[in-house]
Structures are given as C-alpha cells and as structure tokens.
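Below is one structure; the comments refer to it alone.
Which chain is which? They are A, B, C, D, E and F, in the order written, and residues in each are numbered from 1.
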Amino acid sequence: MVANTMTTEAPQRIATAKPVVAERTEKTGTGRLALDAQDVHVYYDTFHAVKGISLPIHEKEITALIGPSGCGKSTLLRCFNRMNDVVSGVRIEGQILYKNQDIYAAGVDPVAVRRRIGMVFQKPNPFPKSIYNNVAWGAKINGYKGNMDELVEKSLRQAALWDEVKDKLQQSGLSLSGGQQQRLCIARTLAIQPDVILMDEPASALDPIASSKIEELMLELKKDYTIVVVTHNMQQAARVSDRTALLWLGELVEYDETQTIFTNPSQQKTEDYITGRHG
Amino acid sequence: MVANTMTTEAPQRIATAKPVVAERTEKTGTGRLALDAQDVHVYYDTFHAVKGISLPIHEKEITALIGPSGCGKSTLLRCFNRMNDVVSGVRIEGQILYKNQDIYAAGVDPVAVRRRIGMVFQKPNPFPKSIYNNVAWGAKINGYKGNMDELVEKSLRQAALWDEVKDKLQQSGLSLSGGQQQRLCIARTLAIQPDVILMDEPASALDPIASSKIEELMLELKKDYTIVVVTHNMQQAARVSDRTALLWLGELVEYDETQTIFTNPSQQKTEDYITGRHG
Amino acid sequence: MSQTPQSNTSSDVLPDLSSRASIGESIIAGILFLCGIISILTTISIVVVLVREAYLFFGASEVTLREFFTGTTWQPAIGRFGIWPLINATLMTSFAAMLVSLPLGISAAIYLSEYASERARSIIKPILEILAGIPTVVYGYFALTFMTPLLRNIFGTDTVDIFNTGSAGIVMGFMILPMISSISEDALRAVPDSLRNAAYGLGATKFETAVRVVFPAALSGIMAAFILGLSRAVGETMIVAVAAGAGPRNFDSWGEAFSAEGFNFFKAAETMTGHIARISQGDISYASLDYSSIFSIGLMLFIITLILNIISRSVVNRLREQYE
Amino acid sequence: MQLHRSILESNLQELQSKLQEMARLSLDGLEQAIESLKRGDTALAGRVIAGDDKINQLEVDIEQTVVVTIATQQPAAGDLRAIIAALQIATELERIGDHAASIAKVTIRIGGEKLMKPLIDIPRMATNGKDMLMKSLKAYEDQDSILAHEVAADDEDMDLLNNQIIRELLAYMVEDPAKITQGSNLLWVTHNLERIGDRATNIAERVLFMKTGETLDLNR
Amino acid sequence: MQLHRSILESNLQELQSKLQEMARLSLDGLEQAIESLKRGDTALAGRVIAGDDKINQLEVDIEQTVVVTIATQQPAAGDLRAIIAALQIATELERIGDHAASIAKVTIRIGGEKLMKPLIDIPRMATNGKDMLMKSLKAYEDQDSILAHEVAADDEDMDLLNNQIIRELLAYMVEDPAKITQGSNLLWVTHNLERIGDRATNIAERVLFMKTGETLDLNR
Amino acid sequence: MIPETNSNYNPRLVARQRMGRAWQIVFMSSTVLALIFLIVLMLNIINSAFGLVALENTIAPSELADEPLEALEKEALVGILADNIRRNAGRKLEREQRFFADTLAFESQEKWDEVCARAEAPEGCSSTPRDHANVLALVYERVVEQQVLETYPLWDSITRGDEIRAEIEAQHPGATVEFWSWLDRNFLTTPMSSDAALAGVRTAILGSLWVIALTILFAFPTGVGAALYLQEYAPNNWLTRIIQTNIDNLAGVPSILYGMLGLAIFARTLEPITSGQFLGVGSENGRTILSASLTMALLILPVIIINAQEALRAVPSSLRNAAYGVGATRWQMIWSHVLPYAMPGILTGTILAVSRAIGETAPLLVVGAATFMTSDPNSIFSKFTVMPIQIFNWTSRPQAEFRNIAAAAIIVLLFILLTLNTTAILLRNRFSTRR
C-alpha cells in the first residue's frame, strides 16, 4: 500500500502526460478525490484494453466516461471496485488509490472493496427475491447491525422508489418495471452505504422516460455519493456529469469539466467525437 | 378496395380530428403520399394498442414515429407492411392505402405487400449466409430477372457498404460488425427495390458511431425511397426526419414537420415530451 | 511525495480492506472439485476395464487380432471370433432406425417449430417427450409383439423371421424419433425470430422462410441430432436383445457377408450390444473367454460411439459460434 | 417520481436572474445618468460609466450560460426559445447599459457648464424609456404577449417625442451658436434615449418569439 | 464510410451563406447610402432604405435556422459556437443595414440642398468601416483570429477620425448657424459610421469566441 | 391484389404459396405418424394386459368345497392342502413359513424341534404364520392347479368374444373362459412366480425403489457439486476443459458399457465391499443393490451434471454481478442466488435422469440382476431385480401368458415414469413462466 497525497493538486502529475487534464474551479463536490487511478493498464490475456490511464475521481461529483464502443470504458470502470477480478484472464497493472490505499495491493480483499465501492449495471438485475430482501440482502451479508426496516425504507427513499413500492415490499423485485428495477438496484447499493457508486450504462436499457428518472436520481445522489458513470449516450453525459473523460482505444483522450468538454474541448479528437464527426 | 384520391390534400379530413396535423410547404419529398393510414386500430387479443390513428406518409421523406415505450410505435409501423400478421392474436381495423389500394383488403397477399414495403429491424439480422447471398436472396425469391451481380453491387453501394465488403462478398454476413450488419440488412431490402422502407429503431442496438452512419445513410436513401422510422431517441428523430409523429398510449398526439415539433409544437404534451418533462 | 496540508481529510476512518479468513470457501471449492474429478475417474475406469479385458482376450491363444477384424463368423463355442457378423447386425438395425427417424423427426421438428400453433405445440411436444421417456425394453416388447407380426402379415411368414433386424430397426427408429425431432426443433427454434422477420420482410412465403432460411441456419444442430441419434442406435441394447435375434448371423465368407442375404432385414441377427447382453446374463465365469470376449466388443462399441459423439459435438460447437 | 430536469431548470433560472440583475443595473444606470446630466454631477456620471463593466460582464456570463446549457442540456421547443431569447435580451440590455454610459459621458463632456435650458423633455423621454423597458421585462418574466405589444405602441410616442426634442434643440442651436456644442451633445442624449426605446421594443419582440416561435418586427 | 453530419453541415452552410448575403447587402447599402449623400441622390437613398427590409428578413431567417438547427441537430463545441456566433453576427449585420438606412435617410432629409463642404472625411470613414467589416467577415469565414484582432486595432483609427469630423463639423456649425441642421445631420452620419466600426469589432469578437470559446471585449 | 409494377421482378406468388401448402401437409403428417406410433404402442400393451383366458383346473374348486374357496376358514383351507398335496411338500411349505402359530400342520413336534435346533434353522421356525390369503393362494397353486391354456388379446376378446368362446369350447371341452385383467392388486403385491397366472411384481417394484433411492443419493449431490465446480469455480484451463469434454462424452457412452464397468469394478473387483461381506452380512457375490445403484449413479451422473450446468448457465451473469456488487463472497453468491435460481432446472434435469434410470435395463442385466427372485430386498447388500429386468425376462419367455404379464408390468412401469415425467414437466413449466 502506498501512502499518496490525495489532494486537489494530485492531478498535477498528469499535466505532463499527453491527455490534457484541466483543473478548474469547482462548482460542486468537496474538492477532494474519492478515487485516484494511476497509470492503470488492463489486459485481457494478451489484448491491451486499457492503456495507462490516470484518472482522479472527485468526491461528490459525477464523473462520466464516454467513448466509442470497445474503447475500454466498462473495463476501466470495473477496475474501480475490482469487479474485473471475476472475469478470467484479466491482468491489471497500476494503482487505484482509495483513501490512501491501493485497492490492488496484496492483502486487499476485493469483497471489502466492493462493499465500499458499489456498482449498478447496464441491465437492471434485481435478485429474484422480494423488494424488501433485494435491499436488505447486501446489508445483511455485510453484517448490518441496525434496524433493517429503517435501512430498507431509507435506501428506497433515497432511490426515489419508496412511494411506488411501499405497499408491496413483499412482492418480487422482478414484478417492477424496468426503470423501477434499476432504481431498486440503486437502492440495494445504497443499503450497503458505499462511498462511491459505479454505474455502467445505467439507463441504456431503459426507455427515455425511465432513463431521465435515473438521471434525476443521479443528480440527487451526488449530494451524498461520488458517482462514476459509463455512458454511450454523450448527451446524457453532458446532462448529468460534472466531469467527463473521453476514452479512445483504451487511452484517455481528454478529461475535463463537462461544460468545457462540450463547449470547448482542447483536443481535436474530442471535438470531432462531441460534434458527431467520428469517422 | 377503396379508390382514394392520394394527393397532398388527403390529410384534410384529419384536420377535424383532435391531434393537429399541420401541413406546411414542402422542403423535400415529392408532395405526394406514399402510404396513408386511415383510422387504424390494432388489438392484441383484447388490448387496444393503436387507437384510431390516421397518418399520411409523404413520399421520399423520412417520417419518424416517437413516443414513450409501449405507446404503439412498433405496432403501428408493422401495420404498414402487414408484419403484424405474423403475430398471433392481432386484430387490425381501418385502412392503409398504398397506391390507391387498401393493403388490408381481402385478396391482398401480405407477401406481395412486404415485397413493396420493405422492413429493417432493431437488431441487425443478416441471414447466416454469405454477404452476397444475403443481398441476393430476397431478389431471387422474388424472381429477379436482371444481372444479380450488378444488383448486389448496386444495393451494397446504395447502402454505403460496398467499399467495406467488396473484397469479401463470400464471407458470412455475420462476420461483419454490428453497424455493417445493419447496413447489410438495408442493402438486402434495397435489393428488392421496394417503394417504402420501414425501420424499427434501426440504430438503437448500435454504438453512437455506427448509429450516426445509419442516420447519414437514411438521409442519402430518402432521395429514392420513402422511409418511416420508429425511434426511441428523440434527438435522432430530430436529426434525420422531415416529419415527426408523437404517439401516446396508442393515440396520435401531434404530427407535423419535424422542425415545428422540435421548436414550436402546438400540443402541450408534445412540448413536455420534447423538452424532457414527461412525468 | 510531499504531504500537503489539505491532504485527504475525507479519510476520517481508514477502511479495512484486508482479506477476511475464507477457509470455509476453500474447503467448499475443494469438495466441489472432487465431484468434478469423479467423471474423469469414470472414464478412466471404463477404458481400463475394457482395455484390460480386451487385452486378456486378445492375449488368449484362440484369438488373433487379424481374425477378430477379418473373420466373418462369431462362434465362441468353436473358437471363431470374427466380429463382422455383430457389426453387420448393428449397422443394419441402425440404418433402419435412421431411415425411419431422420425424415420423420426432421419433418416433425419443422412442423412443430414453424407451423404448429402454440396450442398444438403445447400438446404435441409433451406427447413426444413421453415417447422419449418410454424404456427401451418396452420398445423391444412392442417390436416383438406388434411390429414383427405386422411385417409377417405384410410380407408373409416365410420371408420374415420371428426375430429380425428390420422390426427392431423400425421400432428403434421411432424410439430415436423424439430425440431427433426434439434436438432439431431446439435448433430450429434457436434460430432467432429476427431471421424469420427478415425473410418475411423481403417478401418470402412461410414455406420459403422455414425451409430456405430457418432450416439452413439450424442445419448444424440438425446434423448433431442425426449423429447423436446414430450413436444412440448403435448403443441401443434392449430392443435388439428382444427382437433382433439371439445369435450372430454368421457368414462363411466375405462374399456371402456382402450378398443380398447378408443384409436381409427379415432375418435374425445379433448386434454387438445384443450379444453382450445375452452373454453377460446368468453366471458367467469371470475367467472364461466368453467373459473377456464381450469386453473386446465393448471396446469396439466404445470407440465407435466416442467418435460419433466427438463429431456431433464439434458440429454443435460450430453452431454455437455461429450465433455468438 | 416527478420529473423536472433540475439542471436545465436551474440554468434557465440562472439566466432569468442574471437578466433581472442586468435590467436592474441598466435601469439604475439610466436613471443615474439622467440625474447626473440634470445636476451636472460628473462624479455620478463617472460611477455610471464604471458600472457599465458589471453589465458587460453579466452579458458575457449569460452568453456563457447559454452556450453551456445548449451544449449540455439539449433544450428544445419552449426551453430553447427562452434561452435564445435570453441571449438576445442580454445583448439588448448590455446596449442599454452602453446608452446609459453614453449619456453619462455627455454629462462629463458638458462638464460644469450650465444647461441651455432646464431639462424637461429629456427626463420625460428617459422615464418613458424606463417604463418601456420595465414593461418589456415584465412581459418577458410573465410571458405576457399583450404587454409586449403595448411596448411596441409606446415606442411610437417615443419617436414622436424624440423628433420634437430634436427640432427644439436645433432651434436653440440656430438661435445661439454658442450652444451648438452643448446642443449636439444633448441631441446625442436624446438619440440614446430613443435607442433605449427601440431596445425595449426589441425585447418585446423576443418575448413574442419565445411565446410563439414566430419572429416579428415590432419596429416596423 | 465517411461521416459528415450532412444536415448539420448544410445548416451551417446555409447560415454562412445567409450571413454572406447579409454582409453583401449591407455593404452595398452603406456604399450606396454614402454615394447618395455625396450626390444628393434621394432616389438612390430611397432604394437603400427599401433594401433594408431584405436584410431584416435575412436576420429573421438566420434566427429561425439557428433555432431549428439547435433543436434538431444538437450541435456542440465548435459547431455550437459557430451557430451562436452566426446569430450574433446576424444581429450586428442587421444593425449595419439599419445604419446604412439611417445615412440614406439623412440624404433624404438634406434633400437637394448643397453640402456645406465637399465630403472627404465621411467617405473615408465609410471606406474604413467597409474595410473593417469586410475584414471581420473574412476573419469569420477563415476563422482567422489575427485578422479579428486587426479589426479591433482599426476601430481605434475610426474613433479618432470620428472625433476629428465631429470637431470639424461643430466648427462649421458655430461658424455658420444656417448649417446647423445640415451639420447635425452629418454628425448623425458620422455617428452611424462610427457605430459600423463598432459593429465590425463586435463581429471580430464573435469570431474569437467561435475559435476559442472565450468571450472578450475588443471594444474595451 | 397488389400488382407487380417493377418489370425486373416476377414473384409468381400463386405457385409459391401452393408449394408451401403441399409441404405443410407433409410436415404435419410426419408428426401425426409419430403420435400414431405412440398410440399403437399403448394400445398394443393394453391389448395384451387385458383379455379373455381359457383356464383349466386339475381339480375344480367346486369339488373341494361347497362354498367358494374364498369363503372358507384358514383351517379348512389347510385341511384341503393336507388332503391334496404330498406330505413332503407340505413339510417343506411349513419350514418356509408355518401355518399356525400354536400347532403344526404337517410336521411332528419332535422333528420340528430338532430341525429348529440346528445351526441353520429354516425361516419357518421364527416366522409369523401364514395368513388366510397366503394359504388360499397355496390352495390355488398346489391343489386347484389352475392352468392357462390360451390367452386372447383385448381387441379380439371384445370384437369376437363369442367366436373365441366357441373355439375354446371346441378345443378344450373342460376349460372355463374368463375375462382377466392381468394387472390387478395381486399382481402388484405378490412376488415373482414361475407361474404366469400367479406371478407379481412386488419384488421388482421394491428392487427398483431401492436401486433408485440409492442412485439418487449417490448421483444428485455429486452431480450438482460437479456442475457447480465447472460453472462457478473452475478456472479456464486444460484440466477443466478435459473434465468438460469428458462429461460430454460420458453422456454419449452406451448404457450397456456402464453395465460392463459395473460388472468389472463393483460386482467383481469391489466384491468384498459391494456384497457386504466386509461387514459380515449380505450376499454371496457382488451382484447387489449397492453395485446396481453405483452403476446407475455413474450412468446418470453425466446427465445430471449436464442438466445442472445448463440450469446454472441459465442463471444470468447479471445476478452474479449483482451479488458481487453488494460485496458478497463467492459462496454467498452461489448459495443465496445461483442455487435457488437454478434449482428448478436442476431438479427437472435430475427427475428426467432418474426416470431414465428407472427404465434402464441393459446395464443392470450386465451387472447381474437376478432374473428370478421371490424374496423382497431388505438391505443394500441384497440381490436385486428391477421392473424392466422383470419385463425383459417375461418378454423373452416363449409362453404366451408371460407376454400378458409383461404387458401388465409395462403398464405399471409406464405409470411410474409418466408420473415422474409429468412432475418434471410441471416443475419446468411452473418455473419457466414465473420468470
């Protein structure tokens, strides 16, 4: 484990690297870093999927990862809570600092990491259990000691789902609509009270209405959580995120405040991608 | 069969109905109607999925159908070439006029209808045959009499795919990327030289880059074909279509030129939907 | 790195990310691994058993490998061990079975997957499954008590023996039919609806869609069904044990073996499996040549079915790749 | 769950409040400029001129917000028209600020010099302009197209008043050539006031555009 | 397959060409207005005034195109800035058209009356203004920020020239009160010309915004 | 009609549609043929299981007593026995199982005491006495000696019953004609007998139950364990691939080869264990229920594994991700989510495999099922026979009446299988609709 200074100045070291990581005055967030990826490489067997990306994730902000299909967005995201460990044939290099610890250091239990850094997936994947148990299960296995009913209610409220399900907590989570299921999955993650929530295209399987609800929810959640979201939908990244990183063939092209990326990016590649002129 | 005057004046009769179908000066298109749905109702067993929609489709234009999930967009689209016949338990009322004939009249063979009104689907679905045969098959069964090689080349060119596949026409259609597969499916439809091409979310399974290619292709194709496209992606409808119809719970809310719909719709519901305030 | 004053005040409490003891998890994994290994042991045992006894068999003075493969008579009592009569019978019953099951099975599969209404399917499918669930000894009974009399009625009692390969083969065909139709139907239904829609969208008729789009797309699955069916026919025991005959149809020469009479479906013959079943009944002495001879036949059987299985699996894998 | 597009709405809100701020500043500027002219208070005039920077900055801010909002929030229909209207109204308000500064500059150019006649019509014109501006801004806030049309009507009076003042000033100047410099300076003031009326009318136009999506020209 | 976003690009193209059209029309208007003033040609002046409608219409068109493009094409980054710039440049050009019309109106007001002195400085100023405008438009077309900065420099000359003409005219007027009416009319002309310079500078500002996304104020 | 306006195409729709309809008939007929086959098969069995029989008694029951035999007391029946069979035979019967608790019917008390004092006393010394039904059966078997002369299938019996009766009258003047259901309560409850009319399937049913219960006990946990290992734990390496390939191949190995494996390994090599001799109990050789069950377990193991794998594979990976995502360990994930989700599939697969095992004949034939067994199995080391073996055995006999009881046994077997299969199908449908 490496003791690293985790400050707003941290990204300085990247300034020398090619991708331009600009730092501006913060509008939201606390100004601290929640996670700090440092020169991360990921290989699938021999395929080099993520090529030395350094990406500071700011606390209580929404960071969006965008880029063309297959550029490594999901792979990078899954590094942040060691979900890649589940995939066979993956090799990861570099460090990801979380509270001054490298989560890839020897002796770190990925299960413990995932408990602090929750994840929401592309397709809503509630457990085939009751709504109540969907929320309670994660807390239970993590040895939650408080009042479970309260936790379930609180999590569902935070996920803006309580009013819709409070009368049918014992119904199966699968009986909900797609958008509700996704919010249930978010509630489930909130119930283990993580610091960071990773979301891999959380709205792409949903219709526009359900999708905008998730967006609104993300905006609500960033008051308390740090969110990293992968999205195919550039406009979605524009709408919700505070910072945006553009990946291309496993490399970081540009990382900056979202409004800069979308109004005045510094890289031509970003400009082309943003304006829909990706050839 | 009803002999109906198919002119630009046709939509007059709708003017009395509630959804406002505005007629403006044409920018593109021929000013004639390619298809004319008149008071179409669709029932799935007892479920009333499309509720009396009248929708004139203008020749050589792109008409987009938008609306929330389940509002009946696909169902309506599939009425236009009787693809709904394949689904069991479907009942259709009303008329759809094509070249002065009701395609639902007794004695009309749906196979003949589909030959004139082609269809492209949400997920690229090339046949597990060679690229060449993918394109040639439809023409072959429809008794194409000309030079097949030329037809294949022409269709692939029109679908902006020729350059990418001309050296591997004998490879399987499945060996192509998603976006290429979708263009192959379009080429296959072009090979039977239909009048109208129906597209059901043709780009929704594709990543943004492949998706914009399809959009460009649609713009290219409308010079020769009438296109009706269903899309979840409102912005896509805005980008490519000449006219947009908003459906809601099986009813037509508004149908107008796309730029009017997106800058100055006449219905509050449209305004809300367009501005993302669908509650 | 220098510690800046603002440094990470958010780390109020350093979280414990270290490993929890997970000995339980390892023990579970170990036990499950042992379960997986059992199958390997099974195979090894089969091979060892077959090879060891076959080795003893071929080591015996009465038997030569050459005779085993080139002889046309299997008569242990007089020390004649040519396997051809048994293989010949196996081929005949299997061939008859495939002749019945393949066209019927595939037609039924096409009907069920492409034409039958959901209701009809929901009735017919379970009925076919019943057919598949009937024990083979019952088929044997049926061959003996129904099919043979039927054949004898049609072709005359003189032409048709009480035990004959034809009757066994036909009934075996019906036994395999549900398997072929079920695997083929699965393959046909695995063809995504989007392909059918594509064909309809191009102005194809239902028949063209079924036969020229769906069927070719499912062809490798259907091939696999065919080979699995064949393998099943070759290994099938009880039908032939009951209905095909209780003694090898021996030939004096290869010429006779390949004459029309050699392949007469109306005469009795004993297949490899039938022979094993018959010999192993009763208390045979473990030391006898009879005992080891059936293991040599078993080894042949094992090799044949193994090859068929390997072929079918590679075909199926090709199918899988095609759609992924 | 209710949908409200929180960022888009907060952006729209921000635009709105910045416009109000601009309006307030430019109205104040106008008032003070006229006041300084009346009283020959060059110090006040100086403050007006200095205050214009604030207004300019606000316009830049609004422009920035407009671009960011369009780029990130993909507004359409009414939202989009409101945003475009805000951008254009900001331009008008910025110019109104400039006009106020121009008037203040006249105060400074005139210096302590006694005015050739007590100012009556010019302050009246200024009041008219202020009224029009306030009306148009209210029309913007309330999306009130009737009010917007009123503004256009008021502008006609403004033009009449303007012509009258010009004639009067020219008469003074012909009478007493010594007053030519001051006269032409005052001409300049009325011109600025007249422009303020036009600006208010422009704002009213934008309001109508925002409400209906149609662009008309109320100046016609 | 190459991606070019055909509709967006054709819209941008359309904006560009409408702007060029506007620029051409307003430059022509300016030239003709000065010409009419020089020659006292009220008929020509009338044509200039009538021609302004065309320019106004173009501005409305551009505004419409901008809104439609933003609503349907979701432009971002450079594209978006170009569109916003086009909108603002159109406003400036429209105003330049108005200025030309104003000058033409002076011609009519002066009528056949002999000019108090041969026009030299005013046409020079007009030429300067035209040059600045052409430069700024070229800067827009070529996205040339150096040229844009040049425009800002030119504006300083323009202001100097303006002050000089004003002083001169005032002197004439003091000298001969009979010339006061004409003098103040000519003052009005120079004022309009001065504003044209400012407008050109504004356009240059937009060009810089479009290129860099930063808003600066070259008039400062 | 929509006319073809493009001269480049000639769709010939009418002809194409006609051809389609013709083929549809072909496809449908094939399906119908398969169904017909099933119906014929069933009818054929039912046809044999019921029907007229021509019976001839050595001594007519009416000659033994005035009342019907069934109405007589046990004592009277024993009296009839004593009158009509030889004393030696009577003694033998008594040694097998005594007739009365207090008195002896055939043996003298001294002789009995002497016999019972021997080291290997016969069962009769300790057993409870024969009941009424048993004695009655003995009377029929030993005294009345009813013989089946001729049997007729159901169809013939119904359609030309009178003709048959006349025929029998002509050929066997003393014979009686009765309509028999070969499948009755007696058939289910009596053990094997060499007389078709008296034989039952009790031993075989019990044998099948023993074998199957044990088979499930061995195969289910192992199979599910192996499937879990392969789907959830195994790294993607050569060993895993070998195991997988191997399992796939094993599923295709003919069942008779498993029989040979069972014969060579369980019955022979492991004889000391499988016979129970290492515990000092059980049979003289390794052809026991234990051997049979182990063989069967190996036989259905690959099927169970493959089905379970299929069921596990059907568990969406999103569910696994979800569990990991909230910080679950692997086993927590499997135990709480994967297994419950896959269990219906696993059970369905297991039931299908088990029903296959119930019908399997060949391997048990080879392992060494007892073809004639009258005593019920009572431990895992008992000799065994099972239903299909019994059916095979009866089918292979030349006498016609054995075909009839074979048919009756088939009905019993099919009934059991049908019940199991229906359960499996219902289970599958219930859970597949729930998702």
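In this text, a contact is a pair of C-beta atoms (placed from the backbone, for glycine too) under 8 Å apart; a residue touches a chain by one contact, two chains touch by 3 or more.
In this text the structure is predicted, and so the values were computed from the model without any measurement.
A.B. asks: Give the chains in contact with both subunit B and subunit F, ordered by label.
C.D. replies: Both-contact set = A, C.
A.B. asks: Which chain has its C-alpha centroid farthest away from the centroid of subunit D?
C.D. replies: The most remote chain is F.
A.B. asks: Decide which interface, A-F or A-D, involves more C-beta pairs in contact, and give its chain pair.
C.D. replies: A-F
A.B. asks: Regarding the subunit A and subunit B pair, does the interface count as same (over half of residue numbers shared) or different (under half shared)?
C.D. replies: same
A.B. asks: For subunit C versus subunit E, what separation do you get between their C-alpha means, in angstrom?
C.D. replies: 89
A.B. asks: If you average the Cα atoms of subunit A and of subunit E to get two centres, how far apart are those centres in Å?
C.D. replies: Roughly 51 Å, centre to centre.
A.B. asks: Can you work out the whole-Å distance between the CA centroids of subunit D and subunit F?
C.D. replies: Centre separation, subunit D to subunit F: 101 Å.
A.B. asks: Please output the residue numbers of subunit B that touch at least 2 other chains, ranges allowed.
C.D. replies: 111-112, 115, 141-142, 192, 209, 212, 235, 238, 262-263, 276, 278
A.B. asks: When you check subunit F against every other chain, which residues touch at least two of them?
C.D. replies: 11, 13, 16-17, 329
A.B. asks: Could you tell me which residues belong to subunit C and also touch two or more other chains?
C.D. replies: 203, 205, 208
A.B. asks: Which bits of subunit A are touching subunit E when the two form their complex?
C.D. replies: For this pair, the touching residues of subunit A are 235, 238, 262-265, 270-271, 274-279.
A.B. asks: Of all residues in subunit F, which touch subunit A in the complex?
C.D. replies: Listed in rising order, the residues of subunit F that touch subunit A are 235-236, 316, 318-329, 332, 336-337, 340-341, 435.
A.B. asks: Help me check something: in the complex, which residues belonging to subunit A touch subunit D?
C.D. replies: Subunit A reaches subunit D through residues 160-161, 163-164, 209, 212-213, 216, 219, 235, 238-240, 258-259, 262-263.
A.B. asks: Considering only the defined contacts, which subunit B positions touch subunit F in the complex?
C.D. replies: Listed in rising order, the residues of subunit B that touch subunit F are 98-99, 101, 103, 107-109, 111-113, 115-116, 139, 141-146, 192-193.
A.B. asks: Which residues of subunit E touch subunit B in the complex?
C.D. replies: My answer: residues 1, 3-8, 67-68, 71-74.
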